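Presented below are the structures under discussion, each in the form of structure tokens.
Next come two complexes built around chain A: one with chain B, the other with chain C.
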Partner chain A sequence: MGFVSFGFLGFLAAAVALFHLSPRAGWRRGVLALANLGFLATWVHTPHDALAMGGFVLGSFGLIRLSQRVGWRTLLVASLAALIGGLVWVKRYKLALAVLPADFFEPRLQLIGISYMTFKAVHVLVDAHQRQLAAVSLASYANYQLGFFSLVAGPMQPYPDFRAWWDRIEEPLASREGALRALSRVLHGLLQIGILAALAHGLWQQAIDGALLPEPRGAAALRLTTIFYAYPAYVYFNFSGYCDVVIGAAALLGMRHQENFDRPYLARNMVDFWDRWHISLTHFIRDYVFMTSYKAWAERWPRTARQGGYALLFGALLLAGIWHGSTWNFVIFGAIHGAGVAATRIWGDALRSLFGREGARRYDRDPWIRRAAVLATFHYACFSFLFFEPGFRPALERLAAIAAKVF
Partner chain B sequence: MERARASGLRRLWARLDDPRWLFARVLVEAALVVAVVLASGGGAAIVYGNF
Partner chain C sequence: MSEVRERLQEVFRDVFDDDDLVLADEMNADSIERWDSLEHVNLIIATEREFAIRFATREISLLKEADQNVGSFIRMIESKLGSNGG
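Take a look at the complex of A and B:
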């Protein structure tokens, strides 16, 4: 079910109405489960995919409960390997074929939202293993994983936030104004996807489609400029619009989602960019990849903790890039972001050692330096999005053809 | 001039954000969404949903 459609609007209206007409918590949970399954059914096309989806939820739940009960570290490591291995298999990672046989990815499965579901499962598994969670129930976990408001593309809500709402699901909405604001947010998101993202995508598509046509140098330069700026605009408006829909839809049911965007193209460096872009992914990568590995490094090699931190930052963002897609261009995308984030930290540390803390603070406060930094970061991010397109190879060939006409 | 325009825009936004106008704003936004859905045919995919 597409989001900018009457089908989705009707579905959302029906789900919200039935939810609030249900008087008791059990009824509301039932309505939510039915809505989640109904929405899921529009994205799952074969019985195999449906079985695999159910298998993933039940299997990961089993691992979580077992890990919570016995607390074996070996079981945790094996469970994490199974989850990540499953993700690599379902997404058919091209880079894994360097070490795996060509028919490894058969039979093919298409599981909507598997990247998000895997990271959510990892989060619950690790927190359950560390005894940071109360008992995880199957009903709450299944609805957490398959929630229609975040199934397709996140955001990755922390399980304790979902559970807190699940446990007080019968509470009515705080006010009429709150409900109207939530509805307004859904509509804003749909307008953002349907107008701004569609406009940016149309511009990009038009520019890339005419790449092979003969044209003067000036026209080719304009085409190249359009591609450079239109695709990042499309990704931002599309994804942040989707997040508005999701956050608004969840709020209509009384659930609060954390924000996933905060004007990312106004970031002053790449660390700041990731504090403003896909914030729920950043938190996951920070907590479960970077902090875990940095702690282990610093305990084992305390003398090189700082240099290790730079390398691990690079590695964490490289992993985030690879998570985005199964082809090689996402490795490049991740490497660009990893290099940007590590360079930001190295630069910050160098400034502090050269000018002292006060000097570095003056540097940070200088409005002209800030403007230049924002401009540079914006263009660095735009450059990275050249490697973000799912159909990357044909796009790159066309890009090279345009560049040849310009330079 | 520039400043006056900016403050005019801020005033307009503050008025649209006023709880008394919220219902009217939602109605206008809903009408716009209907127009967009009719015009686009509902084909917009979520780019981050490809995976």
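Take a look at the complex of A and C:
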């Protein structure tokens, strides 16, 4: 069931109505669990997929509980390897075939939301292992993983936030204003997806449709420009609109989700971009990938900590790129972002080293430098989205054909 | 100034290479220049060494959140020192 559909709106209205009509917390939890299962059923098409989904939730829950109880580091490492290996298998990563047999990914499973579910499981597993969570219950964990708001494409809510809401689950929506705000957020998201994202996608589709046909240089330049700007616009409007729907729908049940976007195309540099784009993913990558690995590096090899930090920044964003999809173009997308983030940090360090703290401060505050940096960052991000579209070879062939006509 | 605050201030001065830095409870990553993810980890490592404590991943992450500040940092250190019997 897609988010921009009358079916979803009807489903949401029914779930919210039943939730509010339920007189007790236990009933509300039951309504939410049924809604989650009902929504999931529209995405799971075979008994194998249903079993695998159940197996993932129960299996990861078992590992979490065991890890929480015994606290063995070996168990944590093995569990993380199993979760990441499972993700690679289900998503059939093309790059893994360089070292694995061709039939490794058989039988095929379709598990909706597996990328998000894996990261959520890693987060709960690590925090549970480090004794940072109270006992994780199966009901709260299963509903955290399968929550219909964020099952398909996030955002990734921290488990403690979900658990706090699940445990109290009091009478939601104390005010009419709160309900109206939540509804208007849902509507805003739907309009953004239905109008702005659709418009940008239409422009992009139109531009790529005739990419291989002969045409004058000016027309080809216009086509290239349209592709360059329309696809990033589509991705932003579509995903941030979806997040508006998720945040608004969750608020109708009294659940608070963190904001996932903050005007990313106004970022000053690529570090700033990731502080504004898909914020929940950035936080996960920052906390569980970058900061964890950099801390280990800096403790073990303090003399090369700075260079290690640059390399790990690159690696963290490379991983974020690869996480988005299983084909090679997402490796390139991640490498572009990794290079951008590492370069931002290297540039900042170089400025301080060359001009001192005061000089670097003046550089940061100069309004013209800021405007130029925002413009450059925006175009760097747009360039990266040339590699975001699923289907790498056709995209590359189209771009090569248009570029040959222009240049 | 409490002993923890005084020692933490020295850690901050060392990590951010600023001998004039004076810690206040309300200071956070936005108000201290260069307090990004990389320096945050350097700060955590230096703090762990100074106070002989360890931070979990979630605690390191929490201390970087917008609603956290130097005051929360000091409270977390004091709580760890208390539970260590230190």
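Assume the second predicted complex is superposed on the first by the 407 of 407 C-alpha atoms of A that agree within 3 Å, B and C clash if a C-alpha of one lies under 4 Å from a C-alpha of the other, contacts with A are read in each partner's own complex, and residues count from 1 in each chain.
Everything that follows uses one rule, which is that contacts are C-beta pairs under 8 Å (C-beta built on N, C-alpha and C of every residue); 3 or more make two chains touch, one makes a residue touch a chain.
Just so you know, these numbers come straight off a predicted model, no measurement behind them.
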Task: Please indicate which partner A:52 is in contact with in the superposed arrangement: first for chain B, second for chain C, both, or neither.
output: neither
(Q) Quick check for you: in the superposed arrangement, does A:309 touch first (chain B), second (chain C), both or neither? (A) second
Item to check | chain B versus chain C as contact partner of A:132, first or second or both or neither | outcome: second
Where does A:279 make contact in the superposed view: on chain B (first), on chain C (second), on both, or on neither?
neither
*asked:* Under the stated touch criterion, which partner chain does A:121 make contact with: chain B (first), chain C (second), both, or neither?
replied: neither
### Message
With both complexes overlaid on chain A, does A:181 touch chain B (first), chain C (second), both or neither?
### Response
first
Across chain A, the partner (chain B or chain C) reaching more residues is B
- Which holds for A:336: it touches chain B only (first), chain C only (second), both, or neither? neither
| request: May I ask you to decide whether A:390 touches chain B, chain C, both, or neither, giving the answer as first, second, both or neither? | output: first
Requested in this report: Classify the contacts of A:193 with the two partner chains as first (chain B alone), second (chain C alone), both, or neither.
Outcome: first
Seen from chain B, its contact residues with chain A in the complex are 19, 22-23, 25-26, 29-30, 32-33, 36-37, 40, 42-51
Chain A contacts chain C in the complex at 126-127, 130-132, 271, 283, 286-288, 290-292, 294-295, 298-299, 305, 309, 313, 345, 348, 352, 357, 361
As the complex stands, chain A meets chain B at residues 2-7, 9, 91, 112-115, 152-154, 177, 180-181, 183-184, 187-188, 190-191, 193-195, 197-198, 234-235, 238-239, 242, 278, 324-326, 390
In their shared complex, chain A is touched by residues of chain C numbered 18, 33-34, 36-38, 40-42, 44-45, 56-61, 64
